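Two complexes, one shared chain (chain A), two partners (chain B, chain C).
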Partner chain A sequence: MMEFYKSLYRALLAIAISFAITSILFVLTGANPFLAYYYIFFGAFGDLLLITETFVRATPILLVSLGLAISFKCKVWNIGAEGQLYIGAMIGTLAALSMGESSLTLLISILFAILGGAAWASIPAFMKARLGINEVITTFLMNYVAINLIQWLLAFPLKSPETLFPESARIPSSAIFPIIINHTRFHLGILISFLIILPLMYFLMMKTTFGFKVKAVGENPEAARYGGINVGRTIFIALVISGALAGMAGFFEVSGIQYRMRPTISPGYGYTGIVIALLGQNNPIGIAFASIFIAAIINGSSTMSRMLNQPQGIVDFIQGVLIIMILLSDMILRYLEKKELILR
Partner chain B sequence: MTNSSSFSNNIVLCVKDIKKVYPNGVVANDGVSFSLLKGEIHSILGENGAGKTTLIKIITGCITPDSGEIYVHGNRVNINSPMDAINLKIGVIHQHFTLIPSLTVAENIALSLPLNFSLDLENIKKKIRDIAKSINLEINPDAKIEELSVGLRQRVEIIKILCQDAEILIFDEPTSVLTPLEVKKLFSMIRELKSRGKSIILITHKVKEALSISDRITIMRRGRIIKTLTPSETNEDELAFLIVGDVRPSFIARESNPGEPLLIVKNLKVLGDRKEIAVNGVSFFIRSGEIVGIAGVAGNGQKELVEALTGLRRVESGSIIFKGMDLTNKSPRFIIRSGIAYIPEDRIRRGVIPNLSVAENLILKSFDSPPYSRSMIMNRNIIESFAQNLINIFGIVTPNSQIAVRNLSGGNIQKLIVARELSNHANVLIAENPSAGLDVRSTETLHQMLSDLRSKGIGILLISADLDEILKLSDRVLIMFNGRIVGELDRNNIDMNKVAKLMLGAT
Partner chain C sequence: MIELIIGLLATTMATSTVLILASIGETIVERGGLLNLSIEGTMLIGAFLGFLGAYFTGNLWLGLLMAIIGGIITTLIFGLLVVKLNLNQVISGLAINLLTYGLCLYFFRYTFSQGAMPYLKELIYPLPIPFLSQIPIIGPILFNQTIFVYIALISAPFIYYLLFRTSFGLKLRAIGEDPSIAYRLGINVNKIRYMALILEGILVGMAGGMLCLSMFNVFDVRITGAKGFIAISIVILGRWNPIGALGGAIIFGFTEALSLWVGTLIIGPLSASMSQLLSTLPYSVAIIALLIGGRRAKGPAGLGSPFLKE
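For the complex of A and B:
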């Protein structure tokens, strides 16, 4: 429980400091920071449509960062969620297109998307677990391979004959997530992510022997090996699971929002997921709140920028500052404790 | 010395009424006052957790005390950082060395000195040679640390401190990593330093050592100074009594009646980290109800042998048969499940996961079998009551089972490991230097436990660099040298001279 509050402190502290620093930026550009934050909040939660849009935005981030959390907990730094997301979306789309209309199209496509992301992640996972090659480099570089490969696929062999853009044909309507709230984009995938995948990942990480293995390997691989845990296999599976969730996130975007595979399917959700896994401190519940939070900032910022004539890039700025502050938050907390400014 | 004013003039370091309470509520130093005279060797003797290390950390600026005063040469000082301590000419030789293995001796020492932008290594090498010469040491400033033995690394640490012009030298458990021969060399070196007017504090929990080298001995127990004595006015028994605080539990001798062979090792060949042959055709067996000791100077293949037996290192050739089952090159998990328990020497790196809780560490080897988990789902209630049970049986001192193991003392971590290893109903227990770094009381408890297990019919392989421990517990003693078993002796006719000779490779 202590640990939980500490994690909460850390996240809130990082957010508060990031907001404070961003406020300076607002002041420098002549905007009222309070008004700016009000518009960000309004833009994210102002009415039902805006709220649903925030959830639409939060869903892919949630899925990606839940997957990354398990990999990060194992101290495997998967930077390749973006590529895994693209591959999953592509494979899912291909499955949907080749199956055509049928009652199983959606389910099978999702499964293929999961397999696609997992397969893409299994390459660096194998290199890490068996050959000891640094996963940061392999996962990151494979993003470029994945995205460029897909751009080529969509520009040539898989290009839809009906449109002028590099995009796939429209997936069959039986592969599309039904809309849950009329006149919004709030689709079934959002409910699945928050009500099924989130509890499932929580359960996997907190209550199962696999979650324990991941934690043991992450904290002390030598002791884990001594305890009879197959360290390489645990690392492999952790990385593959994060790829699977990224792949799922990719196809959920296709099936819930875009209805086609596009080369712009993700505006960097794979990277935002890293921030959110860090902010949520690898705790699924924390990650759920963190993804809604960042989705609110992203969506709210566009309202704010319209109202106050501010650049939209402020989102990236906040994200960047957030990462640094989360990494610093341990130190800041320890300093505050030492000075007895907060209770232990 | 009889004149009180000259006495006080001779005090180089004096601490008064030091108090330190750690955030977790542990009172590490409770009104400690202590003084060090010029040119004396002053041992601070006490169990693990007596507060010795805390006192040293305060004197060297690693932590700040809650209250109390420190005087150096009669002047009140504030030591807020290790740099302050260095400037006051206080230097520490740490228990775990702080050298960078891939750099040379001279480069390591250069790192510890205030440097100009240009690095004058030649000058530093000259200084190293001069200092080494002045205390009759031989050291090659160009040798890489990783090529040096532990004893030599310690010398480098000493020279490093001397290069910083230290006048007060603090040795923190300096003999715990050394072979008997190296200990002898170290002590003659310490005497040499004393004769050159250096003042020395020696932190130790070894009574014999303190008696043999000290001018004065101060005993600490539970954060307080109990007494300061000179060796001539005391003896081993009295010191042991003062350290522990109550009567030392005595070890019970017993009859030997071993049963069937449990573990049979034949012609085992194992490679070391650098692909050298570390274990070279070792054969032996362990019967139920006996303790087989492997004596030997550290680094003669014991570590590799243990790792091969526990599945952590590949066996090149030979076989390990346990109760008729072939365990050669099986996975650690398979070997654990077959019934082989293992208490590793390196508790923090291998024995526990410091950031996980006491309960999680207790189930490290059994979490994936019922009743702790069923079809991958962990049963928190059963785990919790299992942990609570072990905490009670083994007397692990911890506020609760959910606290991270890093908060426990060394002795309690060892108890936790022993508790876990014994909870698996193993038939064979491999104990690797199990009492290393433990205090007198914990060591006694541990020895009693091993002896009890033996009575219950468990076969124990005891690997220890501490010959006393081996002789005290073992039914049979195997002597390992250079990757081979070079001798086997029975408990009843042990010839100490022969053991020592075999250990050092003489025939």
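For the complex of A and C:
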């Protein structure tokens, strides 16, 4: 329990300092920071519609960061979730389009999306586990392969003949998640993510032998190897699972929100997921709260930008500062403890 | 036909130069045991400040100076996080990439909130070298280029000399193998690492500046397009050697030039399609090259690990 409070402290401290630093940007550009944060909060939780929109935004981030948490816990830095998400969305869409209307279309499309993301992640996973090639570089470069390739597919061979934009045809209605709350975009995929996937991942990470292996490899690969754990295989599976969840997140966006595959399916959820996995300190419960938090910041910032005439970019800035502050929080906590400013 | 191929190779030199400068900069820092992923953000800051400087002063060279200063500041911030505070190098690098992306997007939109897309009225033009540029074939490819190309070509042997023939290079490589042993031998680990980071800042800032000042006359936050990460792959493929990095960078520059070239060569609806498909080429080539050539790559032994003074 002590560990839990410590993690919570760290996260809150990082958030508080990041807000303070971001205030400097607001002041520099002549906006009142208090008003800015008020509008961000209002834009995220102001009424029922806004609250559901925050959950709509939080869902892909939750799925991506749950997957990344497993790989980060293994000290495998998968920064390719963005590409894995795109590939999952694309493969899922193709599956849905080729199956047409049927009672199994949705389920099978989701499975294909998961497989797509997992397969895409298996390339850098193989290179890391077998050849020892730094996964940070390969996963990131593969984002560009995936996104450029999909842009090409949607602009030429797979372009829908009915529209002017580079996008796929509309998926069959049996591949679409039903809406749960009328007159909002709150779809079934959100409930599946928070009520099924989240507990499953919690169970996988905290209660299974595999979860233990991941932790052991992350903490000390040499000791894990002595203990009889197949380090390469653990790394491979951890990275592939994170790709699978990113792929799922991608198709959930198609099935729940867009109804078509578009080259703009993700405004960087794969990168936001990195921040959230770190902010949630690889704990699924922490990650759930952190995803809602960052979704609120993203949605609230667009309201705030409109009201205060602020340019875009604040969201990325806050995310960068947040990561640094999470890294620094241990140091700051230790300093505060030494000065006896907080209770031990 | 021969003119088209000369054109392709001349473009290759220009597109390679960004990668040559960046991968040589990264080679220096990685030889000192630091894995700097923030090179992408460093390049972006170089491009942004280069553009702003040139736009507001009307002087391209002042823009270049701003780009270099911006590059140095960004690598020094990375240094503060990983050398002084000993934070995780991978995550700190990623954090700086996000941070610089946000800052550039925010201040670009803030500065140019109204009106048309800002652009630079002129670019840094090629500086033909007398006599040499008259040589057929080689002249237009190598000696009718911008100053950046010459700097990049000269910096490879220069940095090679610095790394392998000077006491600075010897100390830096000792730190890269094992910082604690280097420290016990009386080497000022942090000072040498900061010096390496400053060199990287100059080179990468210049690479970013080149994007806005001699290749495109506009700024966009996506202008660097993972070139920093391609440069990091080049460092591995070039086996942490500036001459190897030079060779690798030219191969990648060629793939990029090829997609630009095809776009202008083929006319009609096929052109856009081919050009877009070929834009994945540098990234796919990087992955395949790492798959084949990254296997036995052995970098400095202490690369990426933290250094704690006892």
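We adopt the following convention: the second predicted complex is superposed on the first by the 344 of 344 C-alpha atoms of A that agree within 3 Å, B and C clash if a C-alpha of one lies under 4 Å from a C-alpha of the other, contacts with A are read in each partner's own complex, and residues count from 1 in each chain.
Everything that follows uses one rule, which is that a residue touches a chain if its C-beta (ideal position, glycine included) is under 8 Å from a C-beta of that chain, and two chains touch if they have at least 3 such contacts.
Quantities reported herein were computed from a predicted structural model and do not represent experimental measurements.
After overlaying the two complexes on the shared chain, residue contacts for A:209 are found with chain B alone; chain C is out of touch. In the superposed model, A:29 makes contact with chain C only, not with chain B. Of the two partner chains placed around the shared chain by superposition, chain B is the only one that A:229 touches, whereas chain C remains out of contact. Counting residues of chain A touched by each partner, chain B versus chain C, the larger count belongs to C.
By the touch criterion stated above, A:271 is placed in contact with chain C alone, chain B being left untouched. By the touch criterion stated above, A:137 is placed in contact with chain C alone, chain B being left untouched. By the touch criterion defined above, A:294 lies against neither chain B nor chain C after alignment on the C-alpha atoms of chain A.
Overlap of the chain B and chain C contact sets on chain A: empty, with no shared residue.
Looking at the complex, you find that chain A touches chain C at residues 25, 29, 77, 79, 123, 127, 131-134, 136-138, 140-145, 148-149, 151-152, 155-156, 271, 274-275, 278, 310-321, 323-324, 327-328, 331. Only residues 35, 37, 81, 85, 87-88, 90-92, 94-110, 113, 225-226, 229-230, 232-233, 236, 272-273, 276-277, 279-280, 283-284, 286-287, 290-291, 294-295, 297 of chain C touch chain A when the two sit together in their complex. Touching chain B in their complex are the following residues of chain A: 207-212, 215-216, 219-220, 222-230, 344.
Interface residues of chain B, counted against chain A in their complex, comprise 23, 310, 312, 331-333, 336-337, 342, 344, 349-356, 360, 364-365, 367-368, 373, 376-378, 380.
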